[in-house]
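Following this line, the structures themselves.
Across the two complexes that follow, chain A remains constant while its partner is chain B and subsequently chain C.
Entry: the complex of A and B
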């Protein structure tokens, strides 16, 4: 199983080192477990087009079968990266997106398609706000994103 | 027992342990079944043959009965996990999320399986040295029968350990040896692999260049640094076919034109690619802008599109800037373009459109005509002429400019159509015309002011002279009357009176002479004045002058 995950990630890496959709760039992929990608939202006034957002992908050994863990990172040193404001993104970077959950995940997704999904989720956003209960969630949450039971109530985004 | 002996014993114990483990593994399977998803494919394959889950060409493809999506059998099973259902595996299609179940084996197209089995792959043992590429359908056979790097049972007496097929005829190799170079203890059968990739100190002699290189670096030595390996000329990409040993490649490159040109050409090529990409981008931008421009023009001048074919028919009209043809070729529905006043004033080869607020253009020559007899200073009249010059220059400019007009067929020019070009020209000419008109008006005003001042002075002089003349004639009258009175009084008296009257007569004669000289002087002055009056444009002073001189004559 590990072999399959490695092989597939190698292929994906080779692909995204080539051409990527606009606004998505690979920052680093030191190994086949953690990748960093930068995201840019092109046509939404809420997110200036020169602001980049850092995504961290963590792959398990069962990668294509199991969803990767994807969170936004906040970097305080140069290059500075912030966590985009969105009603489904907590201020600690955890993204509430059914695609990244065990139920919503499908093994045909890949890093590129996840990036595009998150990009479009941000691009279609019109609310300049955090999710309800953000402060409390950020204070109390110790679970990993995949172990959180999100309630997907908003099919519009 | 020395420390060295102890270590050797320990190594031996470990070796026996691994022998035992290997024999256990062999009892299950000497060669583990090939995982097709880990194979390296030699040839490029179609993306449609790729499983969306493992991103490899399908391995044992199955089709989902409900949505016709294909996956590898193992992939879809792993993806669905262990959800058990009595009617066979079930789950949602990973691609379209339709609830689906696996199709039967016969549902998979045989053609697809054949295509997949014909893909060339590298032998799974290629990292250990097997150079063979086989069709994917034959990989199992290759591993089981042919591959020299696959394992089989050792031929040695009472030895059940695996050995590589190519080493099988060398007898049992399962005895301990120690590497010459690093003194590591291992089995003879693994020594080759150790030398090939692990031993950090073993050096071998390159068979070609006789250089000592690290054994594990031999491959890279051959491909990168070996002096005796023959490599193609650096100019091979642009046509040089020669190959030479790496050591002589430099000398060849010095004499080879291709090698000299190669970097230049490659840099040119990359630049050209860059330019082409940029150009493509720009042309796309231009296209977008042009469409936008066209749309905007459509909004601004909807008439143009209505008259488009009309204009297209008369496009030869654009060079109508040579004057005479213009009148004829102008269609009647362009009355605004040129005013109907074609009476041929000499200002320009065109008929100038006259702004309705300004006075008629025919006034301009009149002004010039009237101005000249007053005796304008030559510099001023030249300036007046120069006032016309810009118009002429303007016209010639336009004539020069007309060949530079955008060809009427292209819509991307500065003007959307000949009509618009002409309208703009018309506007600018009208501006010029009104400027000239105002200049002429100003000049005219100046002239009349000057004339007025001149006349005023002359009139004052004349009236002064007239007054003097009247005084003089009064005096003469008085003198004559006293003379006559004196003569009538002393007609009878003595000669004394006669002599005195004679004296008076001479004095009167002198006075008359003086008056007559004064009259000639006055006449000269009057002539002068009349000349001045002739110069002035006002003829109203003529009768008065004549009156004055007649009066003077009658008085005399």
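Entry: the complex of A and C
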């Protein structure tokens, strides 16, 4: 058996091509293993409402039992599509969010609910800053997001 | 005659078996098979003696061989019995399940979804309730569960095809009957016209009447059959309550968590292996705390037995 991800992703994709919450759009899903989603933050002055932030989802064979890998992509051609500034988002696009972590993940989440979580995490942000040690982390990190042990030191953000 | 010699050896084997000389009996049966390998009874007998000798792998092989010889429509209850036994086969159990699955696969390719489903279910139950020493890989439950689902879908699809085929015939037959009725009425008019009972105008009016009545009836017939055909209706959705919220597949063996949410057994087992928590509430949860949800299972069965056909394409 080739894992359960195929069927489930097909169904999610079919659903997501219908109606999505405001500010969330599907950009492309070329092969079911990698999806691109665009986010807009509608009511936070830190993020102009016309800026798009692109998320890249990578699914393993065991999705949804295993969490997908979700990172922000920097689209250098368009400065308005940078990686959003947030104390839990490193400048290389890696997001520190408990539900994307092996311990925080639950198979009842889906692409839409992850997008909503990230969107609301940005919408409620008040700090115009990167995580502490961002430069050092971006320079030295070679691990995949799922293998990184984030310290959830600041649950208030 | 090879088959006669085989029959003789088989008889010797039967005698040895009755006397409790199992090794000798197996030997006679093997010789018989060597002479003539198309007699399914010899395989079933050897399966039986191998059961006594606790050579379970052989039991499975011989039973499958016996079923294979009898081929389509064979009533090989004995062989199926050996395969489906709730036996104390320990090391052979996983093999048995795999063999059953292979058998089910063969039945599927022969378009025998009923037999395939029963084998698949047996295999699923074998891995679900393994004997303590059985070597069941945790992945097996998921595999066999998916296979049961596949068999169910096939069974469903084949019944639907059969229904459509029969119904298609009925529709055509009714149309032919209506048409012959129309022809009779028509020739009746022609006769009356020839006898001079009716005038030209009246005759052509009656003919037009008959024609339009016929057309109307045929149209009506087609409408009725189309209405009875779910394929012509808007896609019927699978009710949400029988969908496993993890795989998005319809369930066939739902289990309930402490919080009252139900999941397909194989999926929630897979999740609990990685994270012993309730997927929705994140409270601690273990396999022992799951309970079968018989009510929901009945609802699932009802769905599988219902006439919804659209989802086969969608799901």
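Note that in this section the second predicted complex is superposed on the first by the 151 of 157 C-alpha atoms of A that agree within 3 Å, B and C clash if a C-alpha of one lies under 4 Å from a C-alpha of the other, contacts with A are read in each partner's own complex, and residues count from 1 in each chain.
Following the convention adopted for this analysis, contacts are C-beta pairs under 8 Å (C-beta built on N, C-alpha and C of every residue); 3 or more make two chains touch, one makes a residue touch a chain.
These numbers come from a predicted model, not from an experiment.
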When the two structures are superposed on chain A, do chain B and chain C clash or fit side by side?
clash
One more residue to check, A:75. First (chain B), second (chain C), both or neither?
neither
Is A:64 in contact with chain B, with chain C, with both, or with neither (first, second, both, neither)?
both
Please work out whether A:135 is in contact with chain B alone, chain C alone, both, or neither, and reply first, second, both or neither.
neither
Quick check on the output: what are the common chain A residues between the chain B footprint and the chain C footprint?
1, 4, 7-8, 11-12, 64-65, 106-108
Listed in rising order, the residues of chain C that touch chain A in the complex are 139, 142-143, 146, 245-249, 267, 270-271, 274-275, 277, 279-280, 282, 314-315
In the complex, go through chain A and note every residue touching chain C.
1, 4, 7-8, 11-12, 14, 64-66, 102-103, 105-108
Can you check the complex and tell me which residues of chain A touch chain B?
1, 3-4, 7-8, 11-12, 62, 64-65, 106-108, 110
In the complex, chain B residues that touch chain A
35, 37-38, 52-56, 75, 78-79, 81, 92, 94-95, 97
